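Should a chain be cited, it is by its letter among A, B, C, D and E, assigned in written order, with residues numbered from 1 in that chain.
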């Protein structure tokens, strides 16, 4: 039992966001855009480590939990796909409009443990932003990491996000290979590769020294985790972010539980081992 | 946030007089989402519309609110204006601050507050609008004209001449309506048969016109461009293909019946042609009076018919056809004055007759071959009294409106009477003489010069004395009581809509006004159209009028129909209901509610949470749906919503109103 | 010290002067629909309101005083492009009078959730600071009480400030926390000397063994038992809303023109839209998954995270579940199902 | 066949065993005893072996009409024990296309009215029940009992109607202030089968999730109007309400008015007549001229 | 709003009704059908008729579109009176819309009265496109009746 009033400190209600303003909007695809936000006095809304989540929304219409897709010295960027009512309103935002932001929430990619290892990033559709945070960190301290592979698939060519990074910037990075695939109507430069095991095998990875980072839809997750497992990559070295409905973000509203774990506190990053241990909810 | 542009119209002083426009503009600027407010003298004018287009480009506006007159007036105008801008024509809302605000509230303070509320409601609604797109509706290029009077004939001829097939439905055995009963027509006094009969023959002979006499419209479904109409062709008991119209059967038929066409002045046979120049010029058998049907004997006509065209076993036939447009020309009926005016003898005196009966008497092809005689004893009347406005302009006993044509045909009757009976005296009791057409007043002056005595006043009482009728009235000019003993009294009774017009209106969704006339879309701007797209009005069905107006309106209606038929296809109404498949539980309540049978239940396969499920959902036929929204109110889980008037929009309007 | 029962009324009047006193009272005076079925809750005490300390457990639990069903988090105002937020500050000063040990245990569970694990919910914290809890030992049990199955002592409520124990014509009051002793000084004029009576021996209709419940539940996660059990469940929120220890909440906002406020309100994991994500995708689409999640969270997940079970054995959900789903029967069935396979 | 509860229960068990064994039904929905004396709970009986858990006594108060709906795509057939109210509930579900008739095997039992385990008297909803005999069934156990309400079911409504407008408002405001929006009344109601109830459609703007007096009123009043004209008067909404709101006084009012306006009718008597608000007569009562 | 505030809510609304600002004007919302009543209202404008400015018209394609939930929503958000107007039965532009409205509103009006809303506050009228006079009279009567009843405090959200 806790003796009230002694051992818990609290400063300000964690559920109350801070008001920020949108400084730049880049349209990635017809229904995905990235929003750069900054506090009213031009500062950084909150410190964050790659992989952490943030709550981003508009006062009269509500807020949702997104992964912080990129961070600058005095801005944060959220990549939002238009799916529901709140995201529809977010996509009507204009530069200079004020929004509400709070965070950071959840754990982060294990950047320290993965030092010196080869990195295999697998992402599907809107799953690229969370993976990109880790990828950018690796590219930033390129020396700490070995070979980097990015395998990214989307349903159609128009759904590929961060196109210029995908095609121009990342391929020219040292020892970095970018493989892009599209399910439907792929014309021209990209090729259709499906994610069956053979494709991943013939990437020629040093299985013992590779950490796989996986983020995408349920079907992509199922096929890839099986494929990685039979390739021999140990469960601890397969990382993924789980997706659940998150309301409060601070582990109180009880909503985002998968078994005993709360995605917003204990996640979103889990190793495959932890996922296997969870109950098949 | 949406970027809304609000344009406030002064409408000259119509709005600006009783609404403080500057204060309205200030209040509008604060509304959420409004990025630009502009005032303009006349929004609907060309410069006004240009201002809107320009501001769309300059300020990147994506939604428009125009505070001006009624949307019923200029919504279409502003929507057309938006078609050539980047803004979708349906991202537009109109706040009615003229007809429902500035014109009806004198107190400027209250008027301005109301205008601010109305604009706030429109802004709240436009914020929730979504771009809508029209689709194409095919047009069946065939017209239906209901009513074979002069209006129906003229409309049918115009459309047929333009090359489109027409069906002319007439409930009497022959077309011609009331005009063919007349003798002469004012003001030119040319004989009505000479101008009406040729037109009837043209109709009869026209390859594009199919006449369905003795027929009535039974049932209508569908919508503009695709009406499916079922017509009941009553049994004629004569095979029109074989019958040559020789008239032998009519001569030999033993049973005599009072002729409605001759208004009771003469008899007709059970197998009869209503009048000589009837079109189709073939007889029908009146089942109620034919002895074959009533007593199952006779059958003379069957025996005599050389081409044995008589079919006693004939039945009503139901014909269902597709039509693109409909013109309703059901015409008028004279009011039954006998039940209204007891002081004129309530029909008991045989020599107190109405205008049409007098027309039959004076008509050369009438029962009296044109000799003016008294129906009672056949003697030539020396003094005639004509009483105007019997039933018209008399809200207590009859109708409040003026029947427009009676002053002129009254003068015509006086003129004809004085022509035919040299030493005749003609007294005309009138309230006001309304002769406003071309050459009308001159005609009236001629009648005065012919010696007709016009007495300003109404006849209070008519009572018989000997074989004369004493008419007591007051001459309001000399304010003396005037008594005239007349041989014959002609009452110019009021016009009333045909009682079948009510049923026709109900079938086509055209409302009737208090007096039963079919209501036009707009008295000044759209007199021949109705609120139901594709349904037009012609002739006295829309209100009392004389023959020139009927013909003009008939041609106008025909022009509208031809205009529509020249289009490749019609733009469908995009404001229709849509089904949210996720919420539809397949209960089918909406199917019973839809007046256009536009909703059907369909079994579908859907993947829900990665499991394939088959279930029933409602599906809307966007062609049939007219956007009435009845289904949305019957759907409990709001799976059905009406584009343009969605639940969210209406709720936002209510919220905005109550701030 | 003994508080004579006839002095109770005057004590409450005095206390009502200093703070809002919440006492168990019946709130459907007209006897409700089922002929005399009483519905009770912790309502503010006014002079003359019918205090009902006899009820074993109130229909609405005291959770309502600490985590109100609807609570405004912050309000905002939108002027054109910019937004201003104002946090709600609530300074509560209330006394929860007559809290049974099962409810007190639930309050302790709520404390664990809202006041520990990296984030502290300040709204709950301020309300908890301003609340004095007066526990009341049970003298009788209802058929559905089974708090002893979770090692709870009906006589002594865990974590209360002042504990009252029934002593025939009065209540023996003793302070268990510093806050309790300070509050007790104010009661002095109403107390008389007396010794602490030995709490009456209570007999319960049934007692369950909940020792290894957590592990057993984990092993039967995929068992079809849940399918049949959940077919009975209607998916309503009665069990969660009457349960003293259920704390899940939903957050939403209410707008009026350009102002509005964001609030949080109770939510039940048995509701369909509890974990509904955008685009109608629901990680727990069927009733089975939702009901299983409810029992697992109550009896297993919470224990793994905070160390003790979230069910206090009060039995409210057993009494009020429309279709009679009984958590005690579920616990019993766990033995049978686990033993079976 | 005598109608004593014990004999009915015995016959029901035999029929259940035979039906389960010969596979006409995949499982039977009935009742089983709860932990305490007089407490029952619905039972999903799959195996013939434990047919002894199946009971039928005077405390089987739950309505079973809604349970088959959650398994509407089943390959086999669902057996359901139906009394008067359940059968009308099944008819409602059939009328609304929520389940196909061939997926159901209905065992009808004429019901003499259930008792409240706490007080022992007959439940109010059974006193007011108009159709004790099942209106649709595949087989019947026991002889028919006479239908018709034993007490005037509109008495409370008439008494409320005699109050003044303000008194009525205060009465209902006090009631709705107690509602905790647990939605038990909606989830137990056989005619409430929407996939997403209006009260959960915050985006559309019907209602928020806040439990303020106004939101409770909006929920209670609108839900009751949605099902009022098709209510089978099973009384479940009132029975299940944890805070004991007298909800039947609401839908009885709608039913009483519907009788006066559109003629007497009983919802759920068959599965084809359209609900009163889904059709019209040209010569309906005209008050708005 | 927790339990305690709810219990004494009814008394509060009664006290509120006592002090009414004298410049208070009723706020009445009229759901009007586009083809008949809205046209009638326009006609009243064309004929420069005069009626109090307390009514706001909300245009809908047909009276059949009026969902009873809009009416309660209007009262809750702060309207003092609600009018539902449509074409005369038989005149509906969509032929059967107002037959369903008639049935719904017959039931709903009695239901709201039973729940405590004064009948004068919620009226339903059939007004055709040519009955401008009837529209004006309906509005005048409604404003008078609602003004006499004072502001509506029933079923109203706080702070509205």
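Here is the rule we use: a residue touches a chain if its C-beta (ideal position, glycine included) is under 8 Å from a C-beta of that chain, and two chains touch if they have at least 3 such contacts.
All of these numbers come straight from a predicted model, not from anything done at the bench.
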- Graph distance between chain D and chain E, where chains that touch are linked: 1
- Message: Between chain A and chain D, how many steps is the shortest route if every step has to go to a touching chain?
- Response: 2
- Item | Distance-maximising chain from chain A - centres being C-alpha averages | B
- Note on the structure: By Cα-centroid distance to the whole-protein Cα centroid, the innermost chain is E
- Query: Among the chains, which one keeps its Cα centre farthest from the Cα centre of chain D?
  - Reply: B
- Message: Between chain B and chain C, what distance separates the C-alpha centroids? Give it in angstrom.
- Response: 72
- Task: Using mean C-alpha positions as chain centres, tell me how far chain A is from chain E in Å, no decimals.
- Result: 52
- Can you give the whole-Å distance between the Cα centres of chain C and chain E? 44
- Could you list which residues of chain E touch at least two other chains? 1, 7, 68, 73, 88, 90, 96, 100, 104, 160
- Message: Going by the contact rule already set, what residues in chain B reach two or more other chains?
- Response: 582, 593, 634, 647, 651, 655
- Note on the structure: Shared-interface residues of chain D (touching two or more other chains) are 178, 196, 198, 203, 206, 211-212, 277-278
- Task: Would you pull the chain D residues touching chain C in the complex into a rising list?
- Result: 34-36, 39-44, 46, 62, 66-67, 70-71, 116, 118-119, 121, 123-124, 178, 180-184, 186-188, 196, 200, 202, 208-212, 236, 238-248
- What residues of chain B sit close enough to touch chain C in their complex? 32, 582, 608-609, 611, 655-656, 659
- Message: Show me the residue ranges of chain E that touch chain B in the complex, using the header's touch definition.
- Response: 25, 27, 29, 34-36, 38-39, 41-42, 44-46, 48-54, 56-62, 64-68, 70, 73-74, 77-79, 87-88, 90-97, 100-101, 104, 128-131, 136, 160
- Query: Which part of chain D faces chain B closely enough to touch in the complex?
  - Reply: 72-73, 95-98, 193-198, 201, 203-206, 226, 274-275, 277-279
- Note on the structure: Listed in rising order, the residues of chain B that touch chain E in the complex are 70-73, 96, 98-101, 103-107, 110-111, 113-114, 117-118, 121, 506, 509, 511-514, 519, 531-532, 575, 593, 595-596, 626-630, 632-634, 642, 645, 647, 650-651, 653-655, 657-658
